[in-house]
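Naming follows writing order (A, B, C and D), and every chain is counted from residue 1.
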Amino acid sequence: MAKIKIGILGSTGSVGQRYVNMLRDHPWFEVVALSASEASVGKKYRDAAKWVLDKEMPEEMAEMRIVKAIPHAIKAAGAEVVFSALPSEVARRTELEMAEEGLFVVADTSAHRMDPDVPLLIPEVNFEHLAAIEAQRKKRSGFIVTGPNCTTIGLAMTLKPIQTEFGLRRVLVSTMQALSGAGFFGVPSMAILDNLIPYIKNEEEKVASELLKILGSFRDGCFENASIKIGASCHRVCVLDGHTEAVFLETEKATSPDEVAKCMSDFSSEPQRLRLPSAPDHPIIVRNEPDRPQPRLDRLSGTPERAKGMATVVGRIRKESALDNGIKYVLLSHNTIRGAAGNAILIAECLKGKGII
Amino acid sequence: MAKIKIGILGSTGSVGQRYVNMLRDHPWFEVVALSASEASVGKKYRDAAKWVLDKEMPEEMAEMRIVKAIPHAIKAAGAEVVFSALPSEVARRTELEMAEEGLFVVADTSAHRMDPDVPLLIPEVNFEHLAAIEAQRKKRSGFIVTGPNCTTIGLAMTLKPIQTEFGLRRVLVSTMQALSGAGFFGVPSMAILDNLIPYIKNEEEKVASELLKILGSFRDGCFENASIKIGASCHRVCVLDGHTEAVFLETEKATSPDEVAKCMSDFSSEPQRLRLPSAPDHPIIVRNEPDRPQPRLDRLSGTPERAKGMATVVGRIRKESALDNGIKYVLLSHNTIRGAAGNAILIAECLKGKGII
Amino acid sequence: MAKIKIGILGSTGSVGQRYVNMLRDHPWFEVVALSASEASVGKKYRDAAKWVLDKEMPEEMAEMRIVKAIPHAIKAAGAEVVFSALPSEVARRTELEMAEEGLFVVADTSAHRMDPDVPLLIPEVNFEHLAAIEAQRKKRSGFIVTGPNCTTIGLAMTLKPIQTEFGLRRVLVSTMQALSGAGFFGVPSMAILDNLIPYIKNEEEKVASELLKILGSFRDGCFENASIKIGASCHRVCVLDGHTEAVFLETEKATSPDEVAKCMSDFSSEPQRLRLPSAPDHPIIVRNEPDRPQPRLDRLSGTPERAKGMATVVGRIRKESALDNGIKYVLLSHNTIRGAAGNAILIAECLKGKGII
Amino acid sequence: MAKIKIGILGSTGSVGQRYVNMLRDHPWFEVVALSASEASVGKKYRDAAKWVLDKEMPEEMAEMRIVKAIPHAIKAAGAEVVFSALPSEVARRTELEMAEEGLFVVADTSAHRMDPDVPLLIPEVNFEHLAAIEAQRKKRSGFIVTGPNCTTIGLAMTLKPIQTEFGLRRVLVSTMQALSGAGFFGVPSMAILDNLIPYIKNEEEKVASELLKILGSFRDGCFENASIKIGASCHRVCVLDGHTEAVFLETEKATSPDEVAKCMSDFSSEPQRLRLPSAPDHPIIVRNEPDRPQPRLDRLSGTPERAKGMATVVGRIRKESALDNGIKYVLLSHNTIRGAAGNAILIAECLKGKGII
């Protein structure tokens, strides 16, 4: 099988680097175009990117020359699918241009997440939202699919089986988010050592609005929000990778911690059925120790090897007597793998697996 | 005015050291007895205590000789009031013996917190619970007053004015607690660096049961719990001092973030009226910046100088639409000052200010 | 006594903020002019500076309006002495302009440190280098005095009494430097958590060249370098404030750890004789515990209160058998107090104390 | 080929756990006996060990029953080779007993390191010291081989090729050591966050004495120390794994940084020639970036996969003008892999590879 040819928009930034890193040796995809801002065009990737990841830059991409972030250049390099890691100020326009020129855009930027014809996708949670692509294709030759904010993903993943089994009325979440969520240069060490920052701009709003779309339905050509009450309080803590979230919720039907644990452990979905290469065997891993999940110990959970960091790890599932039909638990999701590039790659695999690309 | 003579039970441990540290140069109190376990009796405090605080050991106490933790020895040294920082396995029995022999015991151990005739006191919140002392004195010549868990204190402090003004139906809290709460040797660096631990043994239960007693009433010789629904999720983060708590709540009467901020800023109580030496001018400090309170920046807030770390700092007061009459905010309370020795010292000052001792 | 009127150049940056912070309530000095770049001119300091220090901005300066960094504006505000915290690209020219227009410039920028007529001053170590001011004043109506790099100061302080007593042949130093040395935004948390960076640009060169000037002499109108061999290896570690340095050295005359400890403890100099307000009672504090100095515990050492962070703390003085007449020890110096603004303020106090201003 | 049967002494401690972890799926070795203190005998390993490593306990060992740390029990389980991770108070006697009863003991405890007939081995550096085993076997049926302290290993590895090519006169080393070197519970978080500790008990002495033995010769049945002057200053920093060391040295023959880099990069030895499974392709990896090695980025360097953490990474090789024929560089060595269990396993592989076992 010939590999699908990939372009990466915004490839030199810290998010772009994660795509480059995760697409090395991908069984289905082959990177053929790396774009960046004007100043870098024509340079080798090795020289254009100030590499910040712990793992070394893949040799095969180090030698590639940066191209312009315009459809013509991306297509000239042979790419059909583009992953967008563009800065927000240019993402909206550029992603649209790409789709209009026939490219298939998978973005984990926020620009088009709430568009009425764009799926906001977590493949295990709402793959059926891919139906919205048809609506898009009436307007343009390509299309856009987006992935949610890193904080939304683990939460939506764990809420989905509960919603299906017991119904959901109300969700409150308090997050303890990792430093990498703000980008490599986002949080100065002087700001966070022996400290935490109880604020992440726009994050609480995003979590609520994105969840409602993801857990809602796509019917008759329209997205309809779920009718769940959602509230969030978001905080940055001194952890490199892995967002931890304390979740309090009310179900429609009464349930128990054991039942919730079971429905999470049993949860499996389209990516697992399609055996997508980056799909974890179990999208949710439930741990029974009293003091887990912990970011450093659990953020790279998941099998197979390629899927490490793609599973959401849950622990401390217990009754919450302060709410009616109340349940609480703690979840951990790797923010730069499942919460960003990894989810986007799984989206692309899903598009392929379902024959859309 | 002659100073009141003080004994410290369990003076060599890390909590005991904080009493020693905070009572240096106290205007009303003078430490005359330091007790510790058998092995230390007779030694100089300098040699008996492995000092772990950043500030140096006070010279005047360094030379004192350790006495036994028995009423006779404490009284022989001239003490009337004892602060207890005893390990939990001996606290219950020893504190009771002290009270039975006529000593006034102020404890921030958990042993007697839930006793039906023992006040669980935050002087600004429920000083009227001191009335329970009378019931105790029918049984014994001395008495016991306790202070709450470090996590409860800041939360109760901020809930009190809301309860008074608007009524409280439901409270959910997610904590991010400091390392010092587990004692100097409590959390290995290997366990917490680049990590957090989403579990603190028995903490969630304590927060709920203690809050109900503190926010309840003392009437006709009995404590009656408040009728509020309370749920907690407790987590340890990599911060030296200062517990941060994300609070979600429902009031009885509808209110607004501005009204809540005002009732917190205006809150003032008996310790302020009595001008107790360790009382902060404002028990609650409300900050308006979007990203405060932060532990390293705000944990030592408070005036006057002696009251630094005695105020609770609140920020991010906002509407919570996922709850009826919903409000959410973030609070910070210094766990080893207001959350432990500082609160106990303020209790003792309150006993003195009200003429009980 | 009327206070001396002070201007601060580059007052809104993180170094400038430290001047603003340390000059609140100074007994001899009064800040009358705060300058910053064009964009801030005319704004209140409160609005122009993104305040990053833990202690709050002093109210009296918060309301001051930013002026231009030109001699005319500074003098119009009444300033006689300016502290320079200018960015390096403009420091050289601007500091010279100020001096040429009659202002007395105290800089801890590196621009003029190695100039042949500019003292590079640590008041306790080489106050006699102030004689170079005379040479300057033949050329211009004002003058420039500079303070050394933060890494040089603690090292020079501890070497001085050894040089005087025993002579110095060779010094090797390996540093463990604090994050604040790189500025508030200098080191991303992602770069340093669970890590260290064994490189600080140009630092090793500065340490060597500055030490030779400071420990050298000023004779017949010229600086002459000390003849000591100096080598450094500089590393950044995850500590907020306080540079720790492991020093290995060879003396001319044989000596012992006890003799070295004694000459350091006994060391006292012009700032102590003149009782300058920011001078520590003891410029070097020698600790005997095996595991000190430690940055968090010792960086704020020093008496009186104003001088906290102005003393260099030394420990672990021991024989080094791998060198002839070898001695090794560990020192700690607060890089943003003694290593920057604090040293500059002490220089200004010294100028006043000796009647130069 | 049948696998060699292995016992682990002290298997439940944090060092023992690392053996258990590293021996899962070893191509040549099979663990058949896990011993621990009396209280654990008979329990499953799963229940006896409080597992502290990030990677999960290997399933196959979790079910093994703990046996006594006596030769009879170890031999009854079929073990021929034992790895010792015994606590120091029992290591000396127990390791000797094992050897006297015919077992082949590989220890990274310090008990027998300096014995006159026991090799202190880093297989790449002094494999020829294995000749001392013959002397031992005249006295006992088994033998003991030891590995050095974690701080010594990386240093000896990098000094060896320099010693061979240019001769070594003098070495000064300043270390920045990781937390794991003190054991999981060794350094409280309260002691090290925003701090460093400039002292590690007995470490400086060990580095010097061990280096002299390792870099010395074994001739005519005796070890003879190298004649090099060695001095160390050892410090603990807030890093999970990976000891960084700043090295200053004097060679006999003049050399240059480039020549030193070349002789390190070219260094290869017996484990590489024998293609031992845990041997890194290159024992020393030289990096050219100005700011490397860094512990978090470089501690797991090495190929093949099994050898990650077995290589020493060197950077910043430069001239040191303060010494005659002076060179300085920074090295990084993984203290719990190459510095402990990994080196011991490589020793055992070397014994097998050379036909000794």
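Following the convention adopted for this analysis, a residue touches a chain if its C-beta (ideal position, glycine included) is under 8 Å from a C-beta of that chain, and two chains touch if they have at least 3 such contacts.
Note that this is a predicted model, so its numbers are computed, not measured.
Two chain pairs, C-D and B-C, are compared here, and C-D has more C-beta pairs in contact (counted per touch definition above).
Greatest centre-to-centre distance from chain D is found for B, with centres as Cα means. Chain C and chain D have Cα centroids lying 42 Å from one another.
With each centre defined as the average position of its C-alpha atoms, the distance from chain B to chain D rounds to 48 Å. With centres taken as mean Cα positions, chain C sits 42 Å from chain B. For chain B, residues that reach two or more other chains under the stated contact definition are 193-194, 238, 240, 296-297.
Contacts between chains leave no pair untouched here, as each chain touches all the others. By the touch rule above, chain A contacts chain B in their complex via residues 170-172, 174, 176, 193-199, 201, 229-231, 233, 235, 237-240, 244, 246, 248, 290-297, 315-316, 320-323, 326, 328, 330.
On the chain A side of its complex with chain C, the touching residues are 52, 179-180, 184-194, 238, 240. Only residues 54, 193-194, 296-297 of chain D touch chain A when the two sit together in their complex.
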